[in-house]
Amino acid sequence: MKQAFVDIRNRTQAICFLLSIEDHVVQPVVDVSPPKWHLAHTTWFFEAFVLQAFVKDYKPFNPQFFYLFNSYYEGMGERVGREQRGAMSRPGVEEVLAYRAYVDAQMKAALNSGTLPQEALRRVWIGLNHEQQHQELLLTDIKFILGNQPFLPEYHKDFVEFQTLPKEFGMLDIEEGLYSIGHSGEGFAFDNEKLAHKVWLDDFSIALRPVHQLEYLEFIDDGGYLNHRLWLAEGWDLVQHQGLKAPMHWHWNKEEDQWMYYSLGGLKPLNAQSPVAHLSYYEADAYARWAGKRLPKEVEWEVAARLFPQHFPLHGWVWEWTQSAYLPYPGFAVDAGALGEYNGKFMSGQMVLRGGSAATPEGHSRITYRNFFHPHLRWQFSGLRLAQ
Amino acid sequence: MKQAFVDIRNRTQAICFLLSIEDHVVQPVVDVSPPKWHLAHTTWFFEAFVLQAFVKDYKPFNPQFFYLFNSYYEGMGERVGREQRGAMSRPGVEEVLAYRAYVDAQMKAALNSGTLPQEALRRVWIGLNHEQQHQELLLTDIKFILGNQPFLPEYHKDFVEFQTLPKEFGMLDIEEGLYSIGHSGEGFAFDNEKLAHKVWLDDFSIALRPVHQLEYLEFIDDGGYLNHRLWLAEGWDLVQHQGLKAPMHWHWNKEEDQWMYYSLGGLKPLNAQSPVAHLSYYEADAYARWAGKRLPKEVEWEVAARLFPQHFPLHGWVWEWTQSAYLPYPGFAVDAGALGEYNGKFMSGQMVLRGGSAATPEGHSRITYRNFFHPHLRWQFSGLRLAQ
Amino acid sequence: MKQAFVDIRNRTQAICFLLSIEDHVVQPVVDVSPPKWHLAHTTWFFEAFVLQAFVKDYKPFNPQFFYLFNSYYEGMGERVGREQRGAMSRPGVEEVLAYRAYVDAQMKAALNSGTLPQEALRRVWIGLNHEQQHQELLLTDIKFILGNQPFLPEYHKDFVEFQTLPKEFGMLDIEEGLYSIGHSGEGFAFDNEKLAHKVWLDDFSIALRPVHQLEYLEFIDDGGYLNHRLWLAEGWDLVQHQGLKAPMHWHWNKEEDQWMYYSLGGLKPLNAQSPVAHLSYYEADAYARWAGKRLPKEVEWEVAARLFPQHFPLHGWVWEWTQSAYLPYPGFAVDAGALGEYNGKFMSGQMVLRGGSAATPEGHSRITYRNFFHPHLRWQFSGLRLAQ
Amino acid sequence: MKQAFVDIRNRTQAICFLLSIEDHVVQPVVDVSPPKWHLAHTTWFFEAFVLQAFVKDYKPFNPQFFYLFNSYYEGMGERVGREQRGAMSRPGVEEVLAYRAYVDAQMKAALNSGTLPQEALRRVWIGLNHEQQHQELLLTDIKFILGNQPFLPEYHKDFVEFQTLPKEFGMLDIEEGLYSIGHSGEGFAFDNEKLAHKVWLDDFSIALRPVHQLEYLEFIDDGGYLNHRLWLAEGWDLVQHQGLKAPMHWHWNKEEDQWMYYSLGGLKPLNAQSPVAHLSYYEADAYARWAGKRLPKEVEWEVAARLFPQHFPLHGWVWEWTQSAYLPYPGFAVDAGALGEYNGKFMSGQMVLRGGSAATPEGHSRITYRNFFHPHLRWQFSGLRLAQ
């Protein structure tokens, strides 16, 4: 665990290494947090839930940080409003890095001491998985921050967002039957993935890869954004009020008369090797309807992924919107303390995504992993795979 | 069918009979439509989908009404913005009643002629069920309109909202197994209830009646609206921003130092014979958590209702929030034309309610019936039943 | 005074006589009040400020009306939110007319009794002038209510909005000097017109009539709504965000390829006999800049109107925006009681208009009369006259 | 002029010298701009209006900056939305300082060359006065940025905001008569101060110093924020909706049970040597009404300041709200080009302030100087002086 702690904590800072100080501070929209805030908040997690709780006489780096870097845990007291994160210039990046160093040293000492009880170790694992989730958010927030500036600066010119999709297309057929989904047994999993339980599935088919950029372009060229019949009512409202014409991070290039894709490696032409990403649920759903198919349910996705793991990599492609609302599994139970606020209280109004993206740390996602976002959001690497 | 047509059409007008002209016109919030609008819109439905489509040389009562009384059918052309319905003083109530009379006469002639094709008759059934849905909305909109006025006028002093709940409380146990839910076979059903399909259910229990007003009062008295741990995050936001302290239509009586319930029959003391109603999904969910239980899923509700129909009346108690998002059943397919917009396009962001209320026309609801609303809405007769 | 009381009270009802019951109820935007509300509020004024205050043992028609029909007098207690006026279907038109009859009878008895003290009579005069102000609002609110409906119903086909403008155009020259403006002496005037005081004016010229519709059309045809250089910054924001292209109540007629003017007498072609009306201050100001001139100050207007009364009728043309903010005159003092809230507390953010319109009751306006509205508002008969 | 150029440009950077990089970037509310933006925008002004216009073959530092650092000049093309200034992390502080150095070098060369035409030199003076205005905004924006953070960091512990007010209080009496106000003759002045013109004033008195913090505290302690009779209607709305209880930057100290004042030098107790600042127009007006007096008009202020210059310092106390709307002087004319957008287009909805604050560069303000802000704004050093 200690090695995992070191590796994961270091990787968070590595992600920010390419940023200017100024990039660490800004919050262009409320959903995006400043990178500096991620650096601090992930540290606060260990301080609040492990060091404060289990290390005798622990002296916090700065007691004010409890107020500044709490994200949403009501049980942990007052906090800065989410929309005000980008207004906090203090503490600066340097002090936040000192905060990280201080907490890391304390954590390592605690881990080395061998005296942490089981509950503390359980929380360390949650903290590390939590930090990996923020690593993904860091990359997508950075992409939004840079991609929102008029001149589209690159994060790093060699950054490759996607592993190459297979050329062939085809549907995998799965027979009706009683299947088991959800997480049981050894290994870390979030509370929302538990417990394994039975589901009945009718016959269904699911594509062997996600939809790629050129396929999605066909939908646009066919008037997909102009045809109300393809859209859920709330999606059609968004299309009209926001004037949507393409996924987020697609830019119309007037000179070349074509759509370009802004990636963390800069502006690129569309291609068939890259899954379409940065879709809202509504766009994914409309595309599927246009294609005469539908989105898979999360249970279908999981059953198919167990049967054909080679077609469902958990890193390198995209998160895939499913037709399943984010709701509790049978027997779902939350923790008693503030950590009980981790997942359960968000179980309304969001849809489940399955899979994993280039921004997902390797080894972080699982076949049972339930990612979730509100259906209108587009700043994640969110794409789709067809089912029928 | 002709008798059903006459009965249902008459009942809509009967509901409005107790209103003043002025009551027909107002729209206090965007979710509530003026009664005059309901009278006209339900008529427009028959004109647009039956008479215009199937009666040769049909002459519309007033072609402008196609613009005025379309609710949301994009396929039927432009329409008045929903929030502007209460700004339309013209046509007046008298002209709307003339419109109803004209269309009724035309419809009766068409039905008598025996020349309407099967598709037209199918649409008449949809239109009648549609009108019954608006009868329920009429009553709840009227309740909002009157209950929103400072002096709480009665709709009718003898109006009784609820059939008496049984005194005893208990849980019905249902064994795990493969069950069938959804509508197949004869009889009218909406597209969203079809088709029957198999689901696996683990063991569960469900209460033999909905929660009553005094039970809900205990939740309030126990600080239910003050304890964030009981609430979904979006619900807690609502509680705080809107200062919620009790269900809609509950009024604090300073003189008697107690909550009173505004019913269509006037202000009444709380009692154990009446199910709690006018809850948001968030309130229903918080109550269930406080009670150490949960809301049932819609499949559980339906399975239980088939096994114990005597405990699940479809008229006279309340609509019951379920823990199921409103999503398509396996194999769900929408109509090709504008009627295809009836249900499917609303399948995001809403939760399913099962059952039926005092405002539900008798015979309208079914054991497979899927009602749905956004989770924050409270102006319907929406309550809950516990499960675990 | 008794005759004035009877005449003015009757005229208010006469204005509403052409309306349907439904027209009395609606409130399409927050600035517009339902006609029913005007009928009741003007009555409330006499009840609250005269009968309650000076008639011993006065028994109110309905004590709840004190809450319902107070407009903005904080000193008179709680009141219904302005935006909720159109949600109050109760009391209905019939009851409101009964309220008027009751209060009128009480008022006539009090006036006949000869026992009302001087302060009461002063308030009756204020109440009558107040009611005349509401008569103007009634007509402009009715125009908005009808003109906001898709099919533009007429108020009365013979209603003529404007007295004919003179054909000739010319500028009246006025020499620099020390002038007196403001109201002193006998006759009714509002507190905001008092007292007469001296002002120094440099040489200026002012047009002998307001701008007419065809002149304003030239501004439109010359791209006036497209050229930011002509606009105040806040006006240009409005033009862009609301897509303004013409004054309120102008409608583009596709068939005839021309602008039409919706009047209370129905849709009419533009003409040179009618002053342009329904302009915001920003539009009036932009027009003046386009014309190489400016708006007059209110002191210039008043001085010119004293010198050339024949060119400044106070009824029948339009209210004219001036380049003067609505601020207190030297020595302005407000009443001690709730009537002190009549004018003074609105002295921020509004601009003064001078003159009078077809909707202004004859004899109501004066050469010293200060009308005032926020600069973005357009639903009044507001036009302009050039100065330089 | 060259020395002035060097001094003023250096002072802007000196103001920012105490900030962290992070402080340069944030924009907590739309009215506040990031310090980095001020540094760049003041530089853009010289590049756009002088170098581009008058220096042959001038090569811009970065052509994209024309888009990024234009504030509101429509005539200069598209620009970043004001609310997005805080989302632009690029260019960073270092690059902005390089931009300043580049433009400064080019400007010095041009000024040394002796070839700049008169119009160019006129614009340099405007640019320097413009930069001084931004120096004041820089300090007030910095105060907002720091004062908005939960732990109230100091800008510099020795920063003194106010020069000491005289202890005595008294009114200066000024006789009625024809006075001249406005700017004519030599010396720089903005277009909005011109031209000198005559005004008639009645007898009036004006206080010999602004209101101090302890006097304003009496108003609070007397329930000033609770008494609607003291407030303009729009002010009372603000008080209620925003829960105002004291000026901006006043903080209630629970431990000491008293109000404290956050200054750029840190949190201080209230005292009688410091003028009250950070008032909205509504607060200043309510205070004056409570004190049985009124705000002065700008013409009164200017006449008094000419007669008693010793009582009207233009640096070191506060900007004083006047009872005058910001409107054009007689004969006001704007420039033909984009610089014509400097002042004139803001002449609606704002009130004039006279005087100068500790943040005003010495020598920048004048007795004829017209500062202006919307009446609800409080983040400037805005106080008041009584008149009657």
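Which chain is which? They are A, B, C and D, in the order written, and residues in each are numbered from 1.
The rule is simple: a contact is a pair of C-beta atoms (placed from the backbone, for glycine too) under 8 Å apart; a residue touches a chain by one contact, two chains touch by 3 or more.
Please read all numbers here as calculations on a predicted model, not as lab measurements.
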### Query
Expressed in steps between touching chains, what is the minimal separation of subunit B and subunit D?
2
## Note on the structure
Maximum distance between Cα centroids and subunit A occurs for chain C
## Note on the structure
For the pair subunit B and subunit C, the C-alpha centroid-to-centroid distance in angstrom is 45
### Summary
For the pair subunit A and subunit B, the C-alpha centroid-to-centroid distance in angstrom is 36
#### Entry: Multi-partner residues of subunit D (at least 2 other chains)
none
#### Entry: subunit B residues within the subunit A interface of the complex
72, 74-75, 178, 197-200, 202, 228-229, 231-236, 281-282, 285, 294, 323-325, 327-328, 330-331, 340, 345-349, 351, 375
### Summary
Per the touch rule, the subunit D residues reaching subunit A in their complex are 20-28, 36, 64, 67-68, 80, 84, 86-90, 92-93, 145-146, 148-151, 153
